[in-house]
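What follows is a pair of complexes built around subunit A, which joins subunit B in one and subunit C in the other.
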Partner chain A sequence: MKTLFSDLYKKANTGFWPIVIAFVFMIVGTVTLFQNPRSLGSFLVLMTTPVILYFMKMPMKIKVFIGLLIVVIILPVIGIKNIFILEVIFQMAVFAALALGLNIVIGMAGLLDLGYVAFYAVGAYAWAIFGSKQMSLLYSIPGAAPANAEFFLDARWFWLFLFLGIGLAALTGILLGLPVLRVKGDYLAIVTLGFGEVIRVLALNLDKPINLTNGPQGITPIQRPPLPPEGVLMFFRSFLEPLVGHEVSDAEFYNVMFYFLALIIIAIVIVVATRLEDSRIGRAWTAIREDETAAIAMGIPLVKMKLAAFAAGASFAGAMGALYAANRTFVSPETFSFQVSIGVLTMVILGGLGSIPGVIFGASAVTLLNIQILQNLSLYLSDLRQSDAVIPIINFAWKDLSNQLDPAKYQKLVFGIILILMMIFRPSGLIPAERRQRELGEEKE
Partner chain B sequence: MALLQTNNVVKRFGGLIAVNKMTFSVDAGKIVSIIGPNGAGKTTFFNTLTGIYTPEEGQIQFKDHSLIGLRPDQVAATGIARTFQNIRLFGSMTVLENILVGMHIQLKQNAVDTIFRSKKFHEEEKDAEQRAKELMAFVGLKNVGNELARNLPYGGQRRIEIARALAATPTLLLLDEPTAGMNPNESEDAIKLFRRIRDEKGITILMIEHDMRVVMGISEHISVMDYGEKIAEGSPAEIRSNQRVIEAYLGRGAAVAHEQKA
Partner chain C sequence: MKQIAANPVYKFFLFPIGQILLFALGASVVLSLATVLLAYLFKFNVTDFDLVERTMLLLPQVIINGLTIGFVYSTIALGYTMVYGVLEFINFSHSEIFMVGGIVGIQLMAYFEHIGVLATMNEYLVITLAILLALVVSGALAVTVERVAYKPLRGAPKLVPLISAIGMSFFLQDIVRLILSLTTGEFNVILPKFGTFDEFWKIAIPGMEEPLRIQTKSVLIVGVAMLMLVILNFLVNGTKVGKAIRAVAQDRPSASLMGINVNQIISITFLIGGALGGAAGVLFALKATKLDPFSGFFPGLKAFTSAVLGGIGNLTGALLGGLVLGLLESFSASYLGIFTNGAFGAEYKDIFAFAVLIIVLIFRPSGLLGQTVGQKV
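Moving on, here comes the complex of A and B:
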């Protein structure tokens, strides 16, 4: 069975077949999704296309062409019909960036950081505090905000805060790293876990003595970056509206804008991560992961390089944090729970520690599972529960099914199962890390 | 003047004196060995030299600076490279990458060069790769540049470790039992390699070695340690006939018997 499948794959992976397959997936996914924008199956078919592009052999130009077609045209257009699709991809991009950042710390430098969510929180709260009315409410009691409060900064400052988020998160990474990097391995995991909680608890409690974070209620509204000028929007409306079949509202444009912003950031993150990996810095990180004693004997300053790993990893989370705060227009300490750190860790492990394509795949798969597949299962089950259907043979009526069995509540269970299965069966992940093969000009035997 | 000079170096672990008042020197351009029974403190002394341990007392002078209080990476930056008793490679990196890591100190690219892939970055990487290939050829590694280091056989791993140390262009190379676990043929090759390192690259070699054929065959100067102290030093011939050395290795009774037989 296995050989049959791999033979089939080999045959399909020659000549023009990969191109045909990629086009078939793209077109089938697009057409069915266009007719039925809520179909999970069609969405999965469409999302398989990038995976095909990555794995199968075809000219680079065609890969780029199909990729751009999907990302720039198909997804935004369908996304306006069903806004949830853009939301899913936005979340995928956010988590992929987080996972890539954590991958630098854990996958490359081998430092087990269980408090990674803290850096995400720093980026988010940076824009949340300055991009909302919070600065005008510093001395008012949480929840009793005067109605006439004003936004502290103009929405356009968001662009600056995207970079400030990076810087602040990196700085937090260094400040955390300085005392923490004296400990190793398990101890480091525990200390960082504590740090992650400290940041969350700070966000929870910094509503007194001055109301910086508005405590457990969180900060809202947070400003979004302004949409492009009306002229540009008119231009897009002119060809989008006939395609979509209804008027495109500002809210929908915001979704498209955040979708593109997330994609631009994730693209930059991927480039930076890939370039760092294949350089003196990335080699030093891997050397530290492999053998600290040998690494330091080669002249690699351990503390400096570990701090650099923390800062680089944190900076990705900082950027995405700021973007997330603007997208949700709301942050609260709840968003930055330990659960998120573990979720991101699951993505890294599922994809493959140290493997950039693996980690992106892991983040996409877990996000999809969380917010699409489990939710859809839940919906399906609740439909069944409301029907009179009965499971045959055992004669069990669906409506007697307990509410506790709602798959959407299984996130933690799913994370746990993924971690256990991966560690037992594929400890190096679904797409294991590979070292770059260089042109050495050696004759092969 | 000596390249490396230590003065009354003492390293204690709790009540145990692992290295006791080691006064020791290595002249530039020489191949020098430290021998001694197991547990004599040789590796501890190496670790003290390279900054892994900080000695409680004494001075260590290399070229014209003191090594006391320097971290291992700072010691490496002064021009001391080393290999380890139990091979310590970066197993899941390729052979070539292991050697590139050895060049960490020489490479000048920073984060900005790396992220923007500046011209400087490309030139430096190309140059480093070229040098790494030359080093692989120098130590006799063929067609394995893209293999993961952990997949190489034992002898190959020893060679990588030496190439990685050479990549740092050191003035002094410390080898900790470099021929341990090798058969006589392999040891013979290793001796040739060490000579070439000294003769062609002008690198001074200080090694710890147990294999007496290797020690006697290659060393120009030998120091003998026992119980953390230097008990003898001199040329191979002098060491071979030194009473205290024989005692240290064979025990007093056997040494006396040995004497009588001779």
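Moving on, here comes the complex of A and C:
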């Protein structure tokens, strides 16, 4: 059976077959999703196409062409047709960027950072505080805001804050790193974990003595950057509206814009990460990861290089945080819990430490699992509960299933299982980086 | 003199008890002096009342609270530090093992209440049974966790078991939540009311208007924790198994060559650490009166901080670290608000613990009692 499959795969992986398969998956996914925008299966078929592109042999140009076609044209159009899918792909993009940033810290430099969400929070709160009415409410009690408060900055300042978020998060990374990076690896994990909690507690409690973060209620409304001028929008409307069959509202344009912003950030992260990997700094990181003592002996400035890794990883999280705050128009301390840090870690581990395609795959898979598959499972179970169905052999009626069994609420369980199983059976991840594969002693494929 | 030192009663009981009391007293005195000094410094900040007088007035109560929670931290910290000593890895899921112990203890009491015997039973018997059950369940759980999630990873790079441990911690949190909500419908467990633990002993102190109030619970927690610490000390320093544990911690390959079954000793270490954690969970539950599957996280983090503070891998250090951290937390919770005139309150006590951790790591990376170990190539 196994040889049958591998033979089939080998046959399919020659000549023009891969191209045909990729096109079939793309077209089937697109068409079915277009007719039935709520279908999870069609969405999964469409999202399989990039995986096919990555694994099967075909000319680079065609890979890039199909990839761009899906990411730049098909997904946004389907997203406008069904706003929920746009939300899913936006989240996938946000987490992919976060995971890529964390990958620099853990995968390349080998520093386990369990408080990565702190940098994300710094970026988000930077724009949240200045891009909302919060600056004029500094001396009022949370919840008792005067009605006539004004926005502190114009919405256009967002673009500056996107870069400021990068700078601020990098600065926070350096400030945290300076005292901490001299300690050994396991301590670093705990200190960063503590730091993540510190940032959350600060966000929770800095509503006094001056009301900086508005405490547990969070800050809202936060401004969004202005849409492109009306002329550009009209141009897009003219061919989008007949395609999706309804009027395209500003809200939908906003979502598409944020999606593309996230894509641009991801593209920048990928370029920076790949360039860094083969650079002097990247090689120094690898050396530190493999053996600190040997690295020092070879003249690598240890603390400086570790700080660079921390700052580089943090900066992307900062940019993503500012983007997230503007997209949601709302931030609250709960968004930045420890669970998010571990979630991002799970994505990196699942995909493969140090492997860029792996990390993107991991982020997409875990996000999909979280907000689509688990949700659908919950819906399915609640449907079963309504029905009269009975499990035949053990004679268990679905009606008696407890309401508490709600898969969507058990993300931590899923994260935990993924982390343990990956560590035991495939520590280098599903799509391992070449160097890691050698290091962790797995047989080569 | 030599004879006294060799006498097991002195060596294994009186000496450790004396050491514990000395640590508790020393840490309290040092911190109290520092606080009073700070009170003089901050005097200008507060005009409504005399800050120094208020500080002195609160002091005994704060110390008692701090010692109570400090002993709980010490007991948990021993689990971290033992595993670290043997395996050189942070057992991240220890906080969940602690939580399971607490929840199992409360569930036992709730069961007694359910069948209607709680009110008639001897209260100390109930506590003892709860602690014993927690010891067994948590110890067994710790060994199982080690077998499933850590043992296959021996010899892998250091990050690998750590990540597995984090995964285990998340897994345990949600699996306990799942089990609790499937069986009882909600995942908060509340300590049933029984016995006289909430009552206060009032001790009049000459020269003070208010008598000192000590809850029976606090005395019980400190007493049980001390008992367990002494037993642990005997186990590690006075028995053959303890000798084997120390040997494995010092040099695993050599210990193995000497005929010690290393895997078995590692399992026993997890068993002891987990059992201690479970018992500490019951003590913590007595104090907190309410637990949920996530309430192990913060005490666990602080216990780990205590272990680092005292010098990780060092049993005496974990004890001292726990006491210091408990006291620090209690002091910051009580005085931060008063000293800053209400600008910062007790909600910053968690931050305080981490600040301490970072400062210790900067100036004394090997902890208060740890030895500096040279870099091995």
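Quick note on the criterion: the second predicted complex is superposed on the first by the 434 of 445 C-alpha atoms of A that agree within 3 Å, B and C clash if a C-alpha of one lies under 4 Å from a C-alpha of the other, contacts with A are read in each partner's own complex, and residues count from 1 in each chain.
Everything below uses one rule, namely that contacts are C-beta pairs under 8 Å (C-beta built on N, C-alpha and C of every residue); 3 or more make two chains touch, one makes a residue touch a chain.
Every value quoted in this text rests on a predicted model; they were computed, and no experiment measured them.
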item: Touched partner set for A:410, first subunit B, second subunit C, both or neither; value: second
item: First (subunit B), second (subunit C), both or neither touched by A:293; value: both
item: Subunit B versus subunit C as contact partner of A:181, first or second or both or neither; value: neither
item: Touching partner for A:345 - first (subunit B), second (subunit C), both, neither; value: second
item: Partner chain(s) touched by A:66 [first = subunit B, second = subunit C, both, neither]; value: neither
item: Larger contact residue set on subunit A - subunit B or subunit C; value: C
item: Subunit B versus subunit C as contact partner of A:302, first or second or both or neither; value: first
item: Which superposed partner A:194 touches (first subunit B, second subunit C, both, neither); value: second
item: Contacts of A:266 with subunit B and subunit C, given as first, second, both or neither; value: neither
item: Partner chain in contact with A:363 - subunit B first, subunit C second, else both or neither; value: neither
item: Subunit A residues contacted in one complex by subunit B, in the other by subunit C; value: 293-294, 440
item: Of subunit A, residues touching subunit C in the complex; value: 106, 110, 112, 114, 179-180, 182-187, 189-191, 193-195, 197-198, 201-202, 204-205, 208-209, 293-294, 338, 342, 345, 349, 402, 404-405, 410, 412-413, 415-420, 423-424, 427, 439-440
item: Subunit B - residues contacting subunit A, complex; value: 50, 52, 71-74, 76-77, 81-82, 84, 88-94, 96-97, 100-105, 107, 109, 111, 114-115, 117, 121, 125, 129, 133, 142-143, 145-146, 148, 164, 168
item: Contact footprint of subunit B on subunit A as seen in their complex; value: 271-272, 275-276, 279-281, 283-284, 286-287, 290-291, 293-302, 308, 433, 435-438, 440-445
item: Complex contact set, residues of subunit C against subunit A; value: 89-90, 148-149, 152-153, 156-164, 166-175, 177-178, 181-182, 185, 297, 301, 304-305, 308, 343-345, 347-348, 350-351, 353-354, 357-358, 361-362, 365, 375, 377
